[in-house]
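Below, subunit A partners subunit B and then partners subunit C, in two separate complexes.
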Partner chain A sequence: MRTLLSVIFIMTFLATGYSQDLLPNSSIQGDFQTDFQYYFEDSLIGAPNVPEKLLSNGYLNLLFTNGNFNAGIRYENYQNVMQGFDPRYEGSGIAYRFAEYKHKDFEITVGNFYEQFGSGMVFRSYEERSLGIDNSVDGIRLKYKPFSGVYLKGFIGKQRFFFDKGPGIVRGIDGELSLNEFIPKLSTSKWRYTIGGSFVSKYQEDKDPIYKLPENVGSWAGRLSLTNGKIIFNTEYAHKINDPSTVNNLIYKDGEALLVNLGYTVKGFGLMLSAKRIDNMSYRSDRTATGNVLMINYLPALTNPHTYTLEAFYPYATQPNGEMGFQGQLSYKIDKGTLLGGKYGTYVALNYSRASSLDMQPINDTTLVMAKGTDGYTSDFFALGDELFFEDFNIEITHKFSSKVKAIGTYALISYNSDVIEGHTDGMFYANVGVLDLTYKVKPKKAIRFEMQHLWCKQDEGNWGMGMIEYSIAPKWFFAVLDNFNYGNPDKDKQLHYYMMSFGYTRNAGRISVSYGKQREGIICVGGVCRNVPASNGFLVSITSNF
Partner chain B sequence: MKIKKLLYIIPILILAFSACDYIDEPYTEGNGTVNPTDTVKRKILLEDFTGHQCPNCPAAAVVAHQLEALYPGQIQIVTIHAGFFSQMVSPNYLIDFTCTEGVALDTYFGVSTIGNPNGLVNRKEYSGSRVIGPNDWPSKVAEFLAMEPDADINLGCSYNDGSGAIDLTVDVDFFSDFSNDIMICAFLTEDSIIAYQKNNDPAVGTTPEIANYTHMHVLRGSMNGTWGDTLTTGGVSANDSYQKTINYSISTGTWDTEHMHIVVFIYDATTLEVIQSEEIKLK
Partner chain C sequence: MKAIKFSLFLILLSIFSFVNAQEIPSLDIKNMDGSVYSTDSIVNGESPIIISFWATWCKPCVRELTSIAEVYDEWVEETGVRLVAISIDDQRTFNNVLPFVNGKDWPFDVYCDPNGDFKRAMSVNMVPHTFILDKDRKIVWQHTSFAEGGELELIELIRRLNDGEDISE
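Now for the complex of A and B:
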């Protein structure tokens, strides 16, 4: 704590009046967030007794800038860790600190940093606070632009592991060539051409008395991007050498991944097609790590990230051990002045995504697929497996009826393999979800919004209904009341209401929101990475501020 | 000029690509050096937090038993059922494998909130956490067993079939100095309980569940509380010896005493790290 206060004092001093003479043009910026929740035990919904009653997660970022020099810290406080986040975060301290200097085409960072190579399939360090993910690297990063259009990056360091660091060392280099910048003749071309390549390696000592484990595990990737005003095409292929780990059940097979995106966009019309193949691509700086820790790479999800509660009941988590995924998205605006477009036009968005298993074949007649301490399996690159992991077809229609009334209607058909996605043994869930979202603008700054949702499902917890009323006074206030009702639960004792009341107030760069109610146990996902959220009953207060 | 600049990058690329270790078959170690011949050996407490509804847990039990086989007599396994996966669910999962002490340990160390299967190896903290994944147990166990023992535990046990009374005598000889209080704990475990267990590893058994799974080392309770008794306060010196008697009665007929063990371990009261462990059959 003393260290933190010293750092804050020094940074404040540097950025305030006293330092203006010494360091003109310096500035300090920051943001603050704290969430705290008061818990009530509720055996009906499975909300456990929380001995502390009140739990809190808090974050403060400070960034000091002076010309080409930046330095910053993030203080984090978990006392104790809120339910649903990894309890190993417990405690407080400076979890992130760095200094950075830029000089012409050269940039050096020491301390913690976030970075991504290409789409992230061989390296991505990032923070996703809502999931409790922070795999920042603590080390040295260099960036260099030797010629116009050539961008080089290199780093070495260890990844954050709660308030410590993981056991493995990660190092990598990345090069990207923008042909339009590099070749003068192409500078005026409508097409933008970019190629890139990465190499990343991790080192972790092998102390295992049973298996011979590789201490250095390398991975590489190559990528290509072509775009013009209407068409976008990008692809990346990644390969990883033998990397037996807890996630892949200690198999020695090489890993590989391919991601392809193709899009076409003109005014009022957009089409995006994406496909991927992921084969044994879990890559962590601790081979025994599980959960959302020490991940070196990021495997993107090709599914629609639903925002409505019941549509988001069954989210998809990318399966690093192997999956074939496809997604198609079509958006179209029906012109205003037509029968379906009305006075303001109508937006239609169609989305279809599917993820299934790889076609995994045993390596010989006597070895099971994925058997520990073997090469695991063989798999034809283009063959699809038989097992469906996830499928989602959804449509969203947005129509403005008048200057006061706007409606959004969505419908989703979701197939969800709980065995694969949650690691349970409850089989497939098939859900149909319908949503109607109506907004009525009472006055220019006052609006009332109704959400009606229904989920039909014959498995899991059965049918759910949801209703919400929200009143907002822009830009400062909102008030909301909602109820999720699990009226179709096959267990009559669990046909429960999950009420929630909330309000929020925003002033300048500060915001406070308070909610009270019950939350069901579930899973939240961001970009195909998920965490389990336990059931809870209580007050939640969130405060954010930027300065 | 451009080519010359690019040449500087080639050594970096060569260096980078050399950072790969390809492993050829066989993938297993020879293990010719894992059995020290000393009279007294370091013994490890491995607490496996599990649940009968946890599909990944049978594979973790296999790791524990591999270690038991690799280091005979040097691994004391205690299987602790606690958390979400230990709940009783009709129709097949109606045996309550949990116990007060197990739940208290799970709550204290936060194991099931991190996820099952996971465990503690001598309750030692690594990178701020004591919770260790099953595939890391072998490395951590090997690290411990590479060290000389700090103490020796000798046990004597008498059990009265009629009353269920247990008289346990413990002799502890220290070979190293410790500055903190030393605690002693005696856990009762039961083996060979045949019951349902969820499973997703076909190499271990049928999926998605094994109807006749053999549950081993199940923690049934403690003879002297979750955290045990104080063996000595104010630290110990090498060559110090201590004796302790622990008496306890179990309800006859509750458990199969033919398949029960007592696992005794001593630990540093401040760091919670286990110093030595030992096991004896109840009968």
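Now for the complex of A and C:
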């Protein structure tokens, strides 16, 4: 705490009073977020007794800028860690600090940094606070543009592990070449060509008494992008040498991944088709790590991130040990003045996504697939496995009926393999979800919004129905009440109401929201990475601000 | 107790905030096709700029930008304002940003910040988060969240800014 206060003091000192003379172009800015939850035990919904009663997570970022020089810190406080986050965050301290200097085409960062190479399949460090993910690298990063259109990056460091660092050293280089900038002849071409490549490696000492494990694990990736504004094509292939780890059950097989996107788009129309193959690509700077920690790479899920509560009941998480994924997305605007477009036009979005297993064959007649200490399995690159992990077909229609009434209607058909995604043995869940979201503008800045949702499912907890009413006064206030009713639960004692009341007040970039009610146990996912949130009953207060 | 102290400290800190109107940071983000775009190119002559952070999966963001899209041509004609929408979609949904934006037929510029570099440099915690920049590209106002009709507030502020009023609170 003392260190923090002195850092803040020095930064304030630099940025205010004295800076007028000494550092005339300096500025300081920051943001903070703090969430408190007060918990009541509720055995009916499975909300556990929380001995502390009140738990809170808090974050404060400060950024100092003076011309080409930047520096920043983030203070984090978990007293104690809120339910649903990794309890190893407990405590407080400066979890992130960096200094950065830019000069023309050169940039150096010392301390913590976030970075992504290509699509992230060999390296991505990022912060996703809602999931409790922060795998920032603490080390040195260089960026350099030697010629027009040439972008080089290199780094070395160790990854954040709660208030400590992981055991492995990670280092990498990445180069990207934009041919249109690099070759003057192509500068006026309608087609844009970009190629890139990365190499990343990690070092971790081998102390295993049984197996001889590789101490240096290298991975590389190559990528290509072609586009003319209407046609979009991009692809990346990644390869990793054998990397036995807890996640892959210590198999010695190499890993690989391929991601391909092909799209066509013009004004009022967009189509995007994507395919991927992920094969044994969990890559962490500690081979014994599991969960959302010390991940070096990022494997995006090719599924639609749903935002309506009941549609988001059964979300998908990428299976790093192996999956084949496909996705097709279509966006279309029906012009205004037509029968279906009405006075304002209608938007239609269609999405289909599917993830299934790899085709895995034993390496020989006497070894089981994925047996510890072996090469694991063989797999035909283009063959699909038999097991469905997840499938989602959904449609969303947005229509404005008049200057006062707007509606969004969506319908989703979801197949969810709970055995694979959650590691349970409940089998497949098949859910149909319908949502109607109606907005009625009472006055230009006052509106009432109704959300009606229904989920049909014969497995798991059966049917759910949800209703919500929200009243907002732009730009400062909102009030909402909702009830989520599990009326179709096969267990009559669990046919429960999960009600929630909330309000929020926003003043510029400062916001406070307070909610009270019950929340079902569930999974929160962002970008195909998920965390489990236990059931809760209580007050939640969230405050965010910028300055 | 510690948590309460910490929050009180944060609240106090924000009240005594030492705001120097700041310029937007210079860094490389992306065009929707994945090529490099420098934030130095976010300019609009002597007229104001609105920067709006959003994501394809964020319903209030899409409502806000759709509301603005309907009146954007009139806004530009009346005030000369330029809106720049910054998508924070990460690699999972990044490739769908261009088809999504074209599907909506939005008339303003959209750029992408897939690993959150610009978002962090602007101290954006959550989306939607909207900034107004004056003719010198200094941030004079910012707001988080969107409620129906919020776009009316935004254009009102732009008009006052054009009239030479100080709109920072």
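Rule of thumb we're sticking to: the second predicted complex is superposed on the first by the 547 of 547 C-alpha atoms of A that agree within 3 Å, B and C clash if a C-alpha of one lies under 4 Å from a C-alpha of the other, contacts with A are read in each partner's own complex, and residues count from 1 in each chain.
The rule is simple: a residue touches a chain if its C-beta (ideal position, glycine included) is under 8 Å from a C-beta of that chain, and two chains touch if they have at least 3 such contacts.
Everything quoted here is computed from the prediction, not taken from an experiment.
A count of residues in subunit A touched by subunit B and by subunit C gives the higher number to C. Look at A:368: by the touch rule set out above, it reaches subunit B but stays clear of subunit C. Judged by the touch definition given at the top, the superposed model places A:216 against subunit B, while subunit C stays out of reach.
When the two complexes are overlaid on their common chain A, residue A:509 makes contact with subunit C while staying clear of subunit B. In the superposition on chain A, contact is made by A:291 with subunit B only, not with subunit C. Look at A:87: by the touch rule set out above, it reaches subunit B but stays clear of subunit C. In the superposed model, A:199 makes contact with subunit B only, not with subunit C. Touched by subunit B in one complex and by subunit C in the other is not one residue of subunit A.
Subunit A makes touch with subunit B in their complex at residues 86-88, 91, 146-147, 152, 154, 161-167, 171-173, 175, 199, 201, 203, 206-218, 220, 241-242, 244-246, 249-250, 252, 286-291, 368-369, 371-374, 419, 423-425.
On the side of subunit A, the complex with subunit C involves touching residues 8, 12, 15-16, 26-34, 36, 54, 56, 58, 60-61, 63, 65, 70, 77, 79, 92, 102, 114-116, 119-120, 124, 126-127, 151, 176, 178, 180, 192, 194, 225, 227, 229, 232, 234, 261, 263, 265-272, 274, 298, 300-302, 305, 307, 329-333, 344-345, 347, 349, 398, 439, 441, 443-447, 449, 472-478, 504, 506-511, 527-528, 543-547. Interface of subunit C with subunit A (complex): residues 2-3, 6-7, 10-11, 13-14, 17-23, 25-26, 28, 33-36, 57-59, 63, 66, 70, 90-93, 95-96, 98-105, 114-117, 120-121, 123-126, 129, 141-150, 152-153, 169.
Residues 2, 5-6, 9, 12-13, 16-17, 19-23, 26-29, 31, 34, 55-56, 59, 66, 70, 110, 113-115, 127-129, 131-136, 138-143, 198, 200-203, 207-209 of subunit B are the ones that touch subunit A when the two sit in their complex.
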